[in-house]
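Note that the chains are named A, B, C, D, E and F in the order they appear, and that numbering of residues resets to 1 at the start of each chain.
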Amino acid sequence: MTHAGTPPTPRSTLVVTAHAGDFVWRAGGAIALAASRGEKVTIACLTFGERGESAKAWRAGKTLEEIKAIRREEAERAAAVLGAQVRFFDAGDYPLVATAELTDQLVALYRETQPDVVLTHPVEDPYNGDHPAANRMALQARVLAQAIGYPAPGEIIGAPPVFYFEPHQPEMCGFTPDVLLDITEVWETKRKAMECLAAQQHLWDYYTDLAVRRGVQLKRNAGPNLGLPHKTVAEAYMRPYPQVTKELA
Amino acid sequence: MTHAGTPPTPRSTLVVTAHAGDFVWRAGGAIALAASRGEKVTIACLTFGERGESAKAWRAGKTLEEIKAIRREEAERAAAVLGAQVRFFDAGDYPLVATAELTDQLVALYRETQPDVVLTHPVEDPYNGDHPAANRMALQARVLAQAIGYPAPGEIIGAPPVFYFEPHQPEMCGFTPDVLLDITEVWETKRKAMECLAAQQHLWDYYTDLAVRRGVQLKRNAGPNLGLPHKTVAEAYMRPYPQVTKELA
Amino acid sequence: MTHAGTPPTPRSTLVVTAHAGDFVWRAGGAIALAASRGEKVTIACLTFGERGESAKAWRAGKTLEEIKAIRREEAERAAAVLGAQVRFFDAGDYPLVATAELTDQLVALYRETQPDVVLTHPVEDPYNGDHPAANRMALQARVLAQAIGYPAPGEIIGAPPVFYFEPHQPEMCGFTPDVLLDITEVWETKRKAMECLAAQQHLWDYYTDLAVRRGVQLKRNAGPNLGLPHKTVAEAYMRPYPQVTKELA
Amino acid sequence: MTHAGTPPTPRSTLVVTAHAGDFVWRAGGAIALAASRGEKVTIACLTFGERGESAKAWRAGKTLEEIKAIRREEAERAAAVLGAQVRFFDAGDYPLVATAELTDQLVALYRETQPDVVLTHPVEDPYNGDHPAANRMALQARVLAQAIGYPAPGEIIGAPPVFYFEPHQPEMCGFTPDVLLDITEVWETKRKAMECLAAQQHLWDYYTDLAVRRGVQLKRNAGPNLGLPHKTVAEAYMRPYPQVTKELA
Amino acid sequence: MTHAGTPPTPRSTLVVTAHAGDFVWRAGGAIALAASRGEKVTIACLTFGERGESAKAWRAGKTLEEIKAIRREEAERAAAVLGAQVRFFDAGDYPLVATAELTDQLVALYRETQPDVVLTHPVEDPYNGDHPAANRMALQARVLAQAIGYPAPGEIIGAPPVFYFEPHQPEMCGFTPDVLLDITEVWETKRKAMECLAAQQHLWDYYTDLAVRRGVQLKRNAGPNLGLPHKTVAEAYMRPYPQVTKELA
Amino acid sequence: MTHAGTPPTPRSTLVVTAHAGDFVWRAGGAIALAASRGEKVTIACLTFGERGESAKAWRAGKTLEEIKAIRREEAERAAAVLGAQVRFFDAGDYPLVATAELTDQLVALYRETQPDVVLTHPVEDPYNGDHPAANRMALQARVLAQAIGYPAPGEIIGAPPVFYFEPHQPEMCGFTPDVLLDITEVWETKRKAMECLAAQQHLWDYYTDLAVRRGVQLKRNAGPNLGLPHKTVAEAYMRPYPQVTKELA
């Protein structure tokens, strides 16, 4: 679908998240995989997670601005490790409020990045209302960006597939894995990115264990014949829209 | 995963259906696509649909054996058009009863065909109990065929992905499209296979309209940029197990 | 749809229940309403409820045959009060086992009674497995009775609407009222029929209260303007199949 | 319920829709049926669909005002064909935002029209957020209009039944047909109304095919004995509230 | 968990309701039980129910302020009977609008009362949108009150279990009883509290019947051996979060 | 409820499982906790898991009888470590078939053990049909054992609460944690019991990680104030029946 003489546009992935750390824990493998194939990955961090996910810093007496600065810097380092670029919207967390203005900024980002794939939070999370708010804006902006009548800069987009990454307590969020993504070959990269988030060290092992657990399930769903490595690790995703394909596999 | 010097085994698809005509209306496109790529497709017809889906023949005064013979012959011709092979189990329909013996025969077929993909009916169908019965046996046999301890001939199988094809009244059967399969390039083949089923001529147009409808939805879920032909036609499938992949797309 | 000169066939209702008392508590109002309009109502009691719903009689030292006789006599009196006819199948309860033979007898009853309406238990009941067993056979027999190829006496039937009556603990059985049936005008009849079931006197008031409760909800769903009587009483039903109509109301 | 000497008030239907074309494609049959019985039908179009459903006009270089004017004129002609009256709210689409002011205008319309039946969009639509927004306002306004304490002109209303019409991709919107409405006798009228929407000519055949499909299902759910015409066409609806009735049918 | 020398803090229950009467009908038993054990119970009434639940007073020609005063006085008397304290927020009902300001006031109340248990409305209620609005704010405020970074007075709270009390039409609100609470020993107190609500006398018997009904179900779920009194009465609750325990029982 | 002079009967737990190892991985903590309180725990192993869960032994060339003997011996040792007693039914696995005879044996066991608590598999498991078969028989036998009319030795039972333990892939089995059980104080015992299952050494760490994961979630649902140890470990359970209680907590 590219014309002879012009280099093909690399595939583009857009990740829309509520807080600065979310993309690392939940989608670091998918991001690293895409980047390792030479694709472009853009991460929208709607907030820094400054109020709701920085308890340790608050207890240490940091100010709001200091906390934001720390979170920003950590997220930028983690994104660099993964091979992605971050955009910060600083919309304020706990609660993150879904607004027309913020949605409009996301429409512009969709049109700018022309994503082939979109990653975001699932619909429900009874433990953190910011995640559903991010989900709603990510989905609404994707639909608006498709409409030629919606007044925003840039070309309209197609209908890129959407993937929801895994929440902290999946069963309480109506999360059922529709896709198990094999991230074995980028695992070291994801682990390094996690280690950029110094304030949440207790999560490093937690998300390592989760990757092993999803890897065991991946092997169980792929059968014993595939020659998968013993230490397969994986991430789980949901699809809110049907997969479009030319081959059942 | 194949050794140098031996030609690779072609991919194998196993289709487990209740009645002789089911594979044509519901999965003819997927079968034709696989065959067109040189893959092997085996269709298990558990019954001929002689009692529940042959009203016209009964009204014309045919005997049970005559009806079975007609249905068998039609199914064989349709399968030949699609490029697949049929196995008949003649287990008796309306009702098709799930038994250990029939399930055991399916286990043997799984081990013989070593499928990479399995197609069958969805779990529910309040209009025809034979379809759920076929589903239950297809799923159970797949699990049993994986166990080295289950006494049946042949090698154990892996965990091939399963796809449910679309029932007649999808919303009443809990059917939600997880996959939209583009069958445009084999459409003429599917239409010809449908036309082998002379007794159900009223369904030819019905399933042609359905293919158009699913095609419209496919385009809606793929976005305007993909250069899909105006007359895209499609089939819809559900996935009861998670997709295993190395790339989100 | 009737020819001049022949009197029209009255509408026919078929009620398929697990135990001898079920039709009174759960559908007595619907039965009495149909009978009061001159329609024919046939009740299939698959068992007498001799083991699972006769604790009092067992404690009083009755024998199995005595208990069956008592239950049969009570059910016949209650049916007579409601204006319906009962057929007993004596298939044995606790557990009622779904078999091909019993289902076949139900197919024959469907073809004999040619029902315009079918009433039965809902799909689930975690407190009594006989109810789901009756449901499965009632639904399967209805589908088989439609097929000209199914070998049973009588003419094939159409696709009569099915209504599930209310179980004892509706929320635990996935029961959501799709229909609220106003039974105010036959209430006295239903109460008299309930009083025929002497062994379960504690349920008379329980089901009276339920009728009031469903009546309050009926008024809430009908609006204040309908001139419904203060003491409206109702029964709740679910529809497993779509309503077919020429007018939205 | 009407007094001697005063002619009875005709039944009233209120249709609440997001965009100017919605009522034609999705509920044209129900509207034409009601009008053909001499009933009053009022259509609330909350927006003209000027941004989200007018791609062709935008590509043709029309201005926003021109597009609104075209859509208004088309909708008025289609409504006239169906026998209904339209009210435009011009609330702005893509996104249609649910506001207290707009809801309040709907409360006034409920009290003015005193509907016996309400039609609107279903709760979910992951392809178009305007539809759920219209649903929320339609339902909320219906409840507010029932309360004597809510300050709006006119008499309070009862609790008219609500029907959700069919969305474009029903399975993706949680849409299950609760009601199949036979629209055969007004089919020509619906087709003519569709043809008033010149800009969306590709949908004429799409919605004709859908009517045939729902008609086939209607016949399947009504049984072979009802003498339905070969070319039965239908529309599908969901009921969010229980049906209130005096007869199971 | 209390230090020697300081008297233990009594357990604290927080009840968040939309309208002044809700806590009596739906949770009066739980409140009276807690109070009878010496615990502290605080009831947040977000509105007086002045518009949506005071039809009788409006028909009697009362003004808005008079109605609020009546409802306040009734609620205070009922709370006193139950042994609880009420806080009125006067946020305006029909519709109750979820706002950041009101949510913030609830955060402050959470931090002030440090609840061990939270009671509120369930997520859905298609008959009254104020109940879901109260639910959303109650849940959101509970999460915000846990975050050290959220700027509100008082200490952060833990993660107290939440219980949803029963709505008027449970099956239409997705309400399934997860907990049946035996309120037999405080029944007279609950009845007296209900009788404080003079304007809604028709509900006294309605909620008495409901308590009997839930009591019958409680006995059915507890088995015949527990020596429960003949007249057991109960309230039903849902749990949105998992129960945390050291013993299965 | 015990008479003066007779020592109280200790509480009794009945665990119904499909395969010999299931009770260790999935409910070892609950069993050890009950035993540590002096309660009686009886484990019904319907099969040894000889065909479906002994791949390693089959590959090592063991015979069916050898495999059964190994599995029996391992299960007995693990049960002894946990403080429970095992009953083997040797009903044959892969597939375990639900029969009237086996169900009848379970009825007898219910009446013999008079359980206060029942643990078993959840309703669904698309990876192993033996688990749902065990579930169905465990639930049906519990209901039958309650009926005085059911002919089996021993006294009838009450309605003991049922808990479903966690399956291997919870989200694929419709498993949502209703209860998080703190098993920290018996963790060493559970680990030792797991280590009795030598053939499945790869699961030791898998289920250790799971216990940590559920422990993190337990702490998240209990709040920061409870003084839970850093290394809290937990097991998750579902409740198919409502909890009966006198206190919300």
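The criterion applied here is as follows: a residue touches a chain if its C-beta (ideal position, glycine included) is under 8 Å from a C-beta of that chain, and two chains touch if they have at least 3 such contacts.
Here the structure is a predicted model, which is why all the values come from computation and not from measurement.
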(message) Please report the smallest number of touch steps linking subunit B to subunit D.
(response) 1
(request) Spell out the chains that contact subunit E while also contacting subunit F. (result) A, C
(request) Walk from subunit A over to subunit F along touching chains and report the minimum step count. (result) 1
(request) Tell me whether subunit D and subunit E, two copies of the same sequence, contact each other through the same residue numbers or different ones, using over half shared as the line for same. (result) different
(message) Rotating subunit B so that its CA atoms sit on those of subunit F: what angle is that, to a multiple of 5 degrees?
(response) 120
(message) Looking at chain pairs C-D and A-E, which one is connected by more C-beta pairs in contact?
(response) C-D
(message) From the mean C-alpha coordinate of subunit A to that of subunit C, what's the distance rounded to whole Å?
(response) 53
(request) With chain centres taken as the means of their Cα atoms, state the distance from subunit C to subunit E in Å. (result) 38
(message) Please tell me the distance, in whole Å, between the geometric centres of subunit A and subunit D computed from their C-alpha atoms.
(response) 39
(request) At least two other chains touched by the same residue of subunit A: list those residues. (result) 127, 172, 177, 217, 220, 241-242
(message) I'd like to see which chains touch which, written out pair by pair.
(response) A-B, A-D, A-E, A-F, B-C, B-D, B-F, C-D, C-E, C-F, D-E, E-F
(message) Quick check: in the complex, which residue numbers of subunit C touch subunit B?
(response) 100, 103, 139-140, 143-144, 147-150, 240-242
(message) Under the definition above, what is the set of subunit E residues touching subunit D in their complex?
(response) 50-52, 54-55, 58-59, 67, 94-95, 97, 126-129, 172
(message) If we count contacts the way the header does, which residues on subunit E are in touch with subunit C in the complex?
(response) 127, 168-172, 175-177, 206, 209-210, 212-213, 216-217, 220
(request) Can you check the complex and tell me which residues of subunit B touch subunit A? (result) 1, 13, 30, 33-34, 37, 116-117, 119, 146, 156-161, 163, 177-182, 217-218, 220-227, 236-237, 239, 241-249
